[in-house]
Every structure is written in structure tokens, then in C-alpha cells.
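Each remark here refers to the structure printed beneath this line.
Naming follows writing order (A, B, C and D), and every chain is counted from residue 1.
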């Protein structure tokens, strides 16, 4: 179960939320040329086109196929083409080859989107349907799924564009107030037995956030702000990328194999650092949080700073005490922004996903959903690390304190950054 | 020097030939959607867009840069982006990443083409230019270069499209008269001392066809027709792909590693064979020449048939006695066609490139051209085999008996086929 | 710090323990031919020779280099040749090439061993040395280190030998009483707040077992026995290796890439299963615990059986209540043995390392040791899973309830097996 | 057929030649430790043990299996273990894993050798055997086969040892007279129609040297000496390894991928160059021929020197006029030696294998032998280049002017060097 049981009255207005979500995906593509929709730089990323189609496939496969009578699928081959990884649904087109699907064209995919959107709305309008509660829950899941792909759409596009020496620019850079350098403060936390995981008051959550369960945490200190580009530059200038003593063994191998010398998208021209972003190639904003680092870099930075990363439980405990507010997709910045120099905790939500030291694994008592949908989260609970808090390209209403994101520790193309903690 | 010295009168009409060539590249793209222009399935192939740009780059770099006064390059970054492999010109954008260049857009590349075409014509119109003879020769080279890329454009597009389960169709299949099965005849040839290589009567030739030189050939027999799909199917049904005794050692390794069981683009559905082509996915034409086989498959087939492939010298000797006629790009078929069942030699030109047993290497006395243009052919004279005769996607006026094409022996995406010979 | 502070009297008898450990390494090599000492099938394994040398290097580098006056190293080049992964000590000979070190010869490595052993004993005999306490602690670490390599020596040898169709036999198979099939029982456990990690009463522990800390566990059930070969065979016969629904995503990719269809060392001949082991190629013992499975296979088996693996904390909690007894190296079996069919928990120690679902990561408050020795455990805390309990090739006195072993989830050459748990 | 038909009298004394060959293989192993017999650094090389066994396997498989009555094979599993690449004989143990065969031991392989040698001599003594002529021919083939492996045994051993920082020394360096620098002279050759390939006067030849056939060569000049280390050093110092204009395209890719900066086994220590060889790590002998270069390096050097390599036909034409004399294995130097500064052609035989520009391919009219033995040479006629003349580790009586050796162009571990030619 992905969401809470609601009374009928509470669930009758899914249509506006659904339409807004569908519309946002398309609005995000406004700045693109048709040629941009097909790019796929590496197997881990997907073309914009594919994101647009796959999110429609999700509604068609998991809702319309079950509830639409009669089921009129848009194109029977799409079930295969736009299945991401659901073995329970059937075979999938080879992920690494998604960039080779010049057909269906962009226009055909927009037609597919309109078709699915319309059929979904028709389904919603059959209000006396017995299965309405289930449709509602699955639609909520589909909306949250599409929100994830909205973030990936931008993230993947930026990555593919970064291989182009013309450095395409998604938008004109908004004016960012250059705040003074923030000075991080350490905030002390007591040890205690806490509870983490989704609670019943939330409208929606993923299965991987369940069950809510007890965890014991020890006393620790947490930095009130994220690590900035300026701070990370000190690590670089202290030969951080050349000194094995700061690195996990796998991280050291990765750094050397890929010859990493700075975060992804950083470029040095003479003595000046630049950063490629959705706002184009711009001078590095020293006060902004460092972004596009792997967990290996985050961990090495922490060790260099005589600190460590937070665990998932510690992060969630802190987040439970905060409102969900921050620099999200809605701000339109599309880059992380400098902290406010307050004395309290900042930037916990938005800006960058915070790497934790916790492996992404099943909570005690976790049970994946039945059927193909059970593949959504559970089968990835190995070899990945949990990230928390959302980023500047995450929708605000997609996030909550129990939300768990996960990537392999060498991933850098996500909007991922660093917050430090210390043992007491 | 790539072409013969001509009197001034002979060279004054390069403009129509140039314009026709430039126009043909664009006409070949008429059936495409914008999304098709960017596909690149493997590093050996290039996107259509890139072919359109690179052929313009060639004129701009090797002619306009030298002769246009003042030189106004369209975009300084294109020198890097669209350089294929000329180290003498400078560094090159990574070949494997050409599919990531969503920008410049297709429309911008067409603008680039129009700009280069116009500037070239302006250059031609300055008739009293001292350097006209050199411009003429280089333009002829550029036209022949663009003709090669016209063939590659179709060849690469077919390959990229073949990964799409929707099997895009370039054109509607022309009505092919189903001729009766041809029966191959062996034609005896005497041994003798012959001459091969470009001779002075030709308007144009590449440096790799020079110098004309003596070669001694022994008596041999040659098949008057190409091997057909029907004949190749017998090899398959005789477990040809499973029996190591027919294969070169490297070929056997390649077959097993790639699990080849039929020529590229063949598909079996139940008991019926289909072939993907520029005319879409169609039933295999049993009388047509087998196409899209590697040199390893050609060699294995020959050994299975107690025969061998021709050498370059033998092929050229036969071709010197034939008119340059056959199923070329101009026929509009875009697939190889059945033979005519004559008693004399057929299909030597057009239909499919014929794999020879000859390594592509320097002729005795070969001297590559000076400067970056010397990289055109010479530096590839290792590890590749010579193919002869052109194909159904080669322009008729691009071919001659001394023309040498070359590919690695495992290449299958070219329009390549098999003609047999035997020792006497 | 790797071990407890002891009074001087308690530490005065390290010599016999040291000598016994040094002797055991050499006794384990008695069945070998000189040719066997150099084998290295994959980079993760090391030649027997190298294990013998590296364990000597450890004493020479971390104790003699610091305390021997004057320091007379056996061969200055050995510091480089036999350093495993300690960047703090210096560069290392490429791990994948260890099998290329035919020199020093086996005899020279035995000389090296004798030399180091002798110098260590001389050091112990200088009893009034101020640094004696530190030497004692480091020697305990060195002994435990050598014990780990004794296990690896056998594990790696078996793996390298398995590529030899002659199936070399390390020892004659001991007579194994064929017990009746055991029937696993589920033992219920209450949820509670427990403590795990090394406590002060232990003579020695590794840094990765510290600090002792609180963990909350939920109620669960645990199987009293390990999964047997017979049980695992049912999974195979139920197409377990062909059904994606049981597998983690990375596991499914691994299974397909490597075409796994049974545990490592299993072979089918007609209808009969055989297993290669240190006792040679023998019929599969159906009542013995399944061994040489990856974490992916362990997890897939558990999901197939509607169960799960234990967490580290759950395992340790169970083990804290048990004596350290079981089928260890000392039994001389060198294969896991059938359970006793009791009603209580069995096989927790010895037989096979039990894969847990817990990522091998730092305990809350963990601090790696200073200097190069800090690289022993800490830098591997990423991408690996914890295994618990020791195996039939582990020394009994090497193990304790807080002991943490760790391997990548795809590792199969270790003596690793499966114990199930369930949520209540 | 690999050799000439001889009268019965001529063939009656194969025994001494056979025994001498068998003995030489074992004598070459005298300096080795048992540990050295098993090394295999890369798949292209084989362990010494394997060479010793495979050459015995060859006699057992191709002669004893056919003629010995009754056939008593030494160990039935050896047919599989020591088959190199003869698919006609059956499956082969994976080539890359030969280093994992610690069993059979070195001593067991010597027993195998003695057994085969004895059985062969017994076979020879049955003089009235009808099949004696065939046995004679096959034995000659087996002897020549073993001679090839004697060279490979040393070549492969040197390569494997080169990974050992202790730099094992096969023999003490013989005193090499330091001759003055030789000055190469160009010797003019007329163009003509020549014959190459094995002729009937030779006692033995391989099938790939047949048939003798006519080739037309153009006028050319040839350097009377091999390129020396001093000369090659000038290429290095002129940035030869950094300038793409000298390199074949595949060569340039290889140089960059492998970061080649000097011939294999060269090492720079401060300003001094050293070379690892069978005589250990010694200062580079400036007057000796450069050795252990790939065809890519040979070709690049030639282009840098405004010259080219010889073709096979040109080389053979020159060699037909020379006695077979030079620095072969029998000299005991085991390294190439400086030229004599004569005015005539030198070093054509021995010292180093000379890379030619000719692809290793079938001579016009070539027919591979029947059966599995036909796999000896023919199936490798693709992607390799011909080398000529033998080296300092080739037996003198193994070589002739028509002898064709072949390796991939990137091979450097052979004793291969450079002779220049020029067009006239």
C-alpha cells in the first residue's frame, strides 16, 4: 500500500492534481528543441522523450489496463518500449538503447500523453465505480512517479547536454543574491530512541518508507548548513583528490579510474572555476552548496574535515522537527542556493539531496507490495545509499521527512551534496 | 594529388556537379523526421546530421579556409565538432559521442550547408583566380568525399533504425520483378602479368589507387554472379555457423562472441525468413544477392563451397573489361537485385560491395598526399580488407574499376556481399 | 585499539600462541606441491605463497620495523611486493599480478617466514622493553590477521584448483556420518533494545566491532538450522534461477551475466549432483548446509521461501546467548556438516559464514585506528555485506559473537551459506 | 603435405634429429625454478610447462594415435588439456587459464615427455612399417613445431618475468664486443618478376609457404642493416610517440591506449636507458638492433625516417641470395647483436624477426592440408602481418628464405625489429 486510506469525500478531487502534474511535465520541456528529446549519454540516464512516454505508460499499465472498460491501449508495442524494469509486466526494451528510438516521434509521444490523460480523466469521472478508492491510490502513486521523472528529466538532460561543447542553456540565469559566506554551526543532539518511517497522517508515501519503527540513536552534532563550493574547493586545494587516506577503498579506485579532480560539471579556466548548470556555464558560486558529488566524494570530504555523514535515522529525526520548506523546483532557480546564515538548521529540504552513510535497505518488517508494482522500490535494496531531503529540481509536495531516495555511491549526475555530522 | 591535371576549359563547369552533389545529400534526407537525424547506434556509425555537417566542414576546411578571402567561417567551433579524424587539422570531438550533439539543430546544420554551398559557388565564380586548378581538384575530392558520406548516411541510418522494434521504413518497396533462380557459371581466366591502379584517363581517383603497377596473377575461375540469399541459406542450414572448420580463427571467435547465426538484418519468424532493409521489414528475396555479411562470413561461405574470394588484382582485372553499369543508388531500389541469368559476368558493379581476400594496404610505390589530406586514406592501411565494385547505395559516377573500399573484416552494416573464385 | 589493555602478567605468554599460529599456516600447506603455491584465478584471490609472505610482512612492517633495534629487514623489496592495500605504508605491487611472482621461490618465502618468526621471538624475549604492552597488542592483531589468511589460503586454493579438470584433492574425505534430514524449526524472539559490538571482557577484537552500542530490534523468528543442499535444490528445481521475482535487481543482472544455475562448485552429471570441495569432487551431501552461494542467491532463496535473512544485530543477539562451538577448522572436515536435529538453535558458529541483510558499515561512533593500520577494516565500509559466525575453515579461537566479516554480495568463493528469519 | 618426398635411405636417420630436438627443449629449462614453469602473464603467452607438454601432445596426437599399435596414451585427459587450437581434434582447455594447471606437476610433465619420446623412438625402430614415409614427414613437422615452441618458451618466459620487480635473470650476460656504430647503406634493387615460396629442394617447409609462385616487384632500395637502439632513440627524442602524423590510425589508438613511450622492456632511470632481457636488466646497447617493437612502431619509425618496411616478396628475394647465417639461438647470446659494418646486406637472418608491410595471407593457389593439421597455419590468415628471418632465439636449422612468421601488428613480446626500404 502506497498511501493512506481516505474517506470518499477526501479523494474525489484527484483530477486537478493529476492534470497539474501531467501539465508540469510538458511545461518543463518548453525550452527544448526536438533534437534534445532523444539524448541519452549513459545507460543510467534516459531521453526526455522516454520520460514523457514512460510516465504515461505507468498510468496505462497499472491503472487503465485494470480499470478501463474496454481497455483501448494507444499502441500495443508501447507496453514493451516504455516498460522500465517491471519484469512482472513483461520484457523490456534494452535500457542502453533508448536513445535509438527516433520513432515514435516527439509529436507522437505528446499524442500518447494526451490520450492517456484523457482516458484517465474519463475514468475519474465514473464516480460510482466501486474501485474508486484503489484508482485513487494508484493515481497518487502515478503522480508521485511522474514527479520523480520530472526531476530525472532535468537531471538527465543536464548530463547529456554537458557533453556538448556548445553548453546549451536551459534557462537564463535568475539573479541570485550573493549572500555573505555562511559560517556553519554545530548543533548538538541528544541520544534517544526515536521512530522513523512513514506515519499514518501522510497522504501518500512509498512502500520503502514503511513500516514506521524504532531506532536508537546516539548523541551527535550536526552542521546547520550544507557544505559550500568554497569549502569543497579547500578540500581540492589540500590535494583531497590525491590523498588515499580520506577515501573509502572503492572510492579511491573510482577516483583514479575516472580521474576525478573536482565535482561533476566543474571546469577550470586558468585560475577561475566555472560550473555548468541548467543556467549554462557560469562562474562557480562560492556560497552555494556543493552539488553533483558522489557519495565517495561526500565521505572523503567528511573524513578530511574530521567529521562524518549523517545516518538516515539521524537525518529523519532532524527533519521531523522542520517544516517542509526550501529551494525546490517551484523556486525556478534550478540550482542550489546559499544558506541564510541563521543559527538554526537550514537547507534540510531542497537545494541538494544529502548523501547519508546509510545503505538503502529494507526497514525492519518491510514487505514489498504485491505484483509488478512491488518491483518499484524493493528490488533495489542492495549496493545503493540513501539520500534525503529533495533538491532544487524536486517538487515541494513530493517530499516528506520519511522520503528515501537512493543511488549508487559513484553517482554524480544527481543534484547531490554534503551535510556533516560528528560523534560526541 | 587526387585527380588528373585538366586543361582550363575542362574544369570550368564544376559548379553544376558540385550543386548536384550538395542537393543529393539533402534529397536523401527527405523521408526523415527530425528525430532520425541524431541516431548513432555504435561508434563506427555517425548521425545523419553529422554526415551533413562534416561534408560541409570538408569544403570549408580544405578549400575555403585556404582560398576564401577573407575567410568567414560559419562557426569557429564547427572546426572541432565536425572534424572526423584529421589530426593535422586539430583535435576532434569524441567520435562515440556524436549522437549527443542535439545542438546545432538540424535547421542550423542546413543553414551551415547553405552557407558553405554559397561561399563555394562564389569562389568558383572568381574565374581568373590563379589557384583555380587546385580548387577544382580539391572540389572534385570534396564531391567524392560527400558521395561516400551519402552512402554512409543511408547505411548508418539503416543500422540505427534496426534497433527500433517499430522498424521504420525509408521508402515504400519498389516492385521487384521476381526473376527465376540464377545458376552461377564459372568463367575461366588465364594467368598473366597485368596492371592495376588508377590510370591517367580517369577524371578523378583517390591516392590509395596509385600508382598503377604490375601484378602477376595465376589462372583462376570466377563465378559470373553474386551469391544469393538462397545459396547462403543452404550454408546456414548445413550448420555453417556452428562448424569451426569453415572459419578463420578470428572469425570463429567473432561468431561465437556475437552469437551470429545469419547475416545482419535477417530475422526468422517460424519457418519464414525476413530481412530488414530501407524498404522496411520484408520477406527475404531468395534470388537477391546476400548482403550485410562480414568478411568472416564471406570467407567461411567460400570455404564451405570449396572456393575462395577474389583478390583485389583479380577483381580489378575483370572489372577493367566491363562497363560501369549496375544497380546503383540511381536505380532507387536501395536493395541488391537478382542477376539476369546471362552467361557472362554480372553484378560486378553495384548491388553489393564484394569482399576480397586482399588486405587493404599500400600499393608498391604508394605515397600519401601531403598535409592533413594525406590522412584521408593512407593511415587506415592496416587490419582492414579491400572491397570492390560499389553497391545499391553508391552513386554510379563515384565508382571505377580501380576504386578501393575498405572495412574491418567483422563489419556487417555495409552493403557487402560475396563473389566466389577458384584456383585452376 | 584492537584489544583490551591487560596487566603485564596476562600478556607474558604470547610466544606459544604466536608460534602455534605461525606453524599452523605452514601445516596447512603440507598437502601442496610447489606448483600449487602460485595459483591466482582472479584478482580477488591470492596465491598461497603470497598469503605466507604477506602474513610475515605484516609482523615485519607493523612491529619489527617499529621495535626491532636495529631493524634488519629480510629483503627491502618485500615491503612493496607483499603489501596488500596499506597506502599508508607505500605503493603496492599490482594485486592482479601476484601470480606472476615466481620469485621469490617457495623456499625463499619459507626462509622469510623463519626469519620473521625468529626475530619476533627475540623481540618477545626482551621482556623489560617499555613497549611490551604495545607489542603484545600488535602481535595479537598479527595473529588474528594470519588466522584470516589461513582461511583465505584454503578458500583461494580451492577456487584456483576448481579450474583444473583433474580436480586436485586437498585431503582424503573424512567419513561423514550421514544424519537424517533435519527439519528446521522457527524460534520466536521478542523485540527489545539490545547492545551489540565488542565488550571489554574479550581478549581481542577488531576496530570494526566497536563501539558497543544500543540497537532496537523488532520481534522476529529465526530458523534453528542452516539451509541444506536438499532445500536449496528445491529452489533450483522450482526454476529459482530463472524467475526474476525472487531476485534483487543487481542480483538478477549478475545471475544472467554469469549464467549461474547452481551454487559455485556444484556440477551435474546426468541426474546426479556433485560438489567440488577440499575433499575432491564428491556426490552432493543433501543434509549438509548449502555453501558457496552469493548474497544474491541467499536473498533470492529467502524470498522464494517467504522469509528473509537476519540482520547483523539479530544474529549477534542470538549468538551472545550461545557458546562458541561448532564445525571449525579444528574438526578437520573442511566442509560444512549436517545439523543435529535438535530443537534449539544450531550451526550459528562454524560450518558456513551466514550472509546477513546488513550492509557492512560503521557502527555509530566508530573511529578507525590511527595510521596505516586504520586501513585494516574501515576503508571497506561500502558496497559490502556483513557475514557472521565463521566457517569450517575458520579457527575456533578467531571467532566471537561480535565478529564481522564482509564481502561483496556477488562473492561465492567464500564458505558462505544461508539462515532464514521472518518478521512476526 | 609439409615436406618433400624423400627416398627411404634419406629418411632413415630421423631418430638423432628427433632426440636432439626433444633434448633441447629440456636443456632450455635448466635455469628455471619449478615456480617459473607455470607463469602466464597474458592470454597470448603460455606457461613453460604447457609448451613442454603441448609439444609432446603434438607427437602423441598426430603420430602415435595413428601409428602406435596398440595406442597407449599417457593420460586421456591430456588430449583436452594440451590441445592448443585444433578444433578438428576436439575441445580445448581455455587458453587464458593455462596458468591455473598446477597439476600435472612439472615432474609429471617431464614423465610425459620421456614417455612420448620413448614411444616415438620405438615407432621409428619398426623400420619395415609401410607408413614410415608418412611418419617421417609428420615427425619432421613435429620437430619444427617443437622448435617454434622452444622460441616461444623463451619469449613467453621473458614476458612473464618482466612483471617481476626482482627481474629474474635467465643467464649471465655473455661478453658482447662493443662494435662501433654502424652506418646503414642503401642497396639498390632492380624491379623484376620473381618467384617466392618453398621450392622442392628444401627438406621441409610449412604449407603456408606454398605454392611457389610469381610476384612482380618494383625497383627499391633496402638498408643493409637493422635499425639500432641508438637510431630508435632519436625517434623517441624527436617526440615520435607523441606525433600522430607518423602513425597508422590503429597504431595511434594503440599507442595512446597503452601509453607506449618506448619499446617493450626499455626502462629509463634518470638519464640512462636500460633494457630487460634474458641476460637481466642491463644498460641499453646502443649499437644492437632495436627489439620488441610492434608493427605499429616499426611502421611509424619508417615513416619518420621517410622510408617504409619491406614487403614479404622483397624480403624473400633478398634472402634467396644469402646463406642462412646469423645470430641464432645457437650463439647463446639470446639478444640481438650489432652489425659488422660491411657494405653488403647483414642481419637478414637471426637477431630479430623483421616486420614486413605484408598482411599474412594465402599465397595464390594455397591449399591448407587436410584434417586437423590443416588448422596449423591457414586459419590465421587474417589480421596478422608477416615477419621474416628468425631471431636470436630461433634455431638456425628452423629457418629458410621462404619461412613466414606472423603476429598481430600490436605484438611486442616477440623478438621483432625493423629494416627499412625505400621506393626508387
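Note that in this section contacts are C-beta pairs under 8 Å (C-beta built on N, C-alpha and C of every residue); 3 or more make two chains touch, one makes a residue touch a chain.
This structure is a prediction, so every number in the text was calculated from the model and none was measured.
One copy, chain A, sits rotated relative to the other, chain C; on C-alpha atoms the angle is 180 degrees to the nearest 5.
Chain A and chain C, compared by their mean Cα positions, are separated by 38 Å.
One simple way to say how far apart two chains are is to compare their mean CA positions; for chain A and chain B this gives 47 Å.
Between the Cα centres of chain B and chain C there is a gap of 59 Å. Multi-chain contact residues, meaning those touching two or more other chains, do not occur anywhere in chain C. In terms of which chains touch, the assembly is arranged as a closed ring, every chain touching its two neighbours and no others.
Contacts between chains, counted with the stated touch criterion, involve the pairs A-B, A-C, B-D, C-D.
In the complex of the two chains, the chain C residues touching chain A come out as 85, 87-88, 193, 213-218, 244-245, 247-252, 295-296, 299, 308, 311, 357-359, 361-362, 364-365, 367, 379-383, 409, 423. Remark: chain D residues 33-39, 41, 49, 77, 80-81, 93, 97, 99-106, 160-161, 163-166, 168 touch chain C in the complex.
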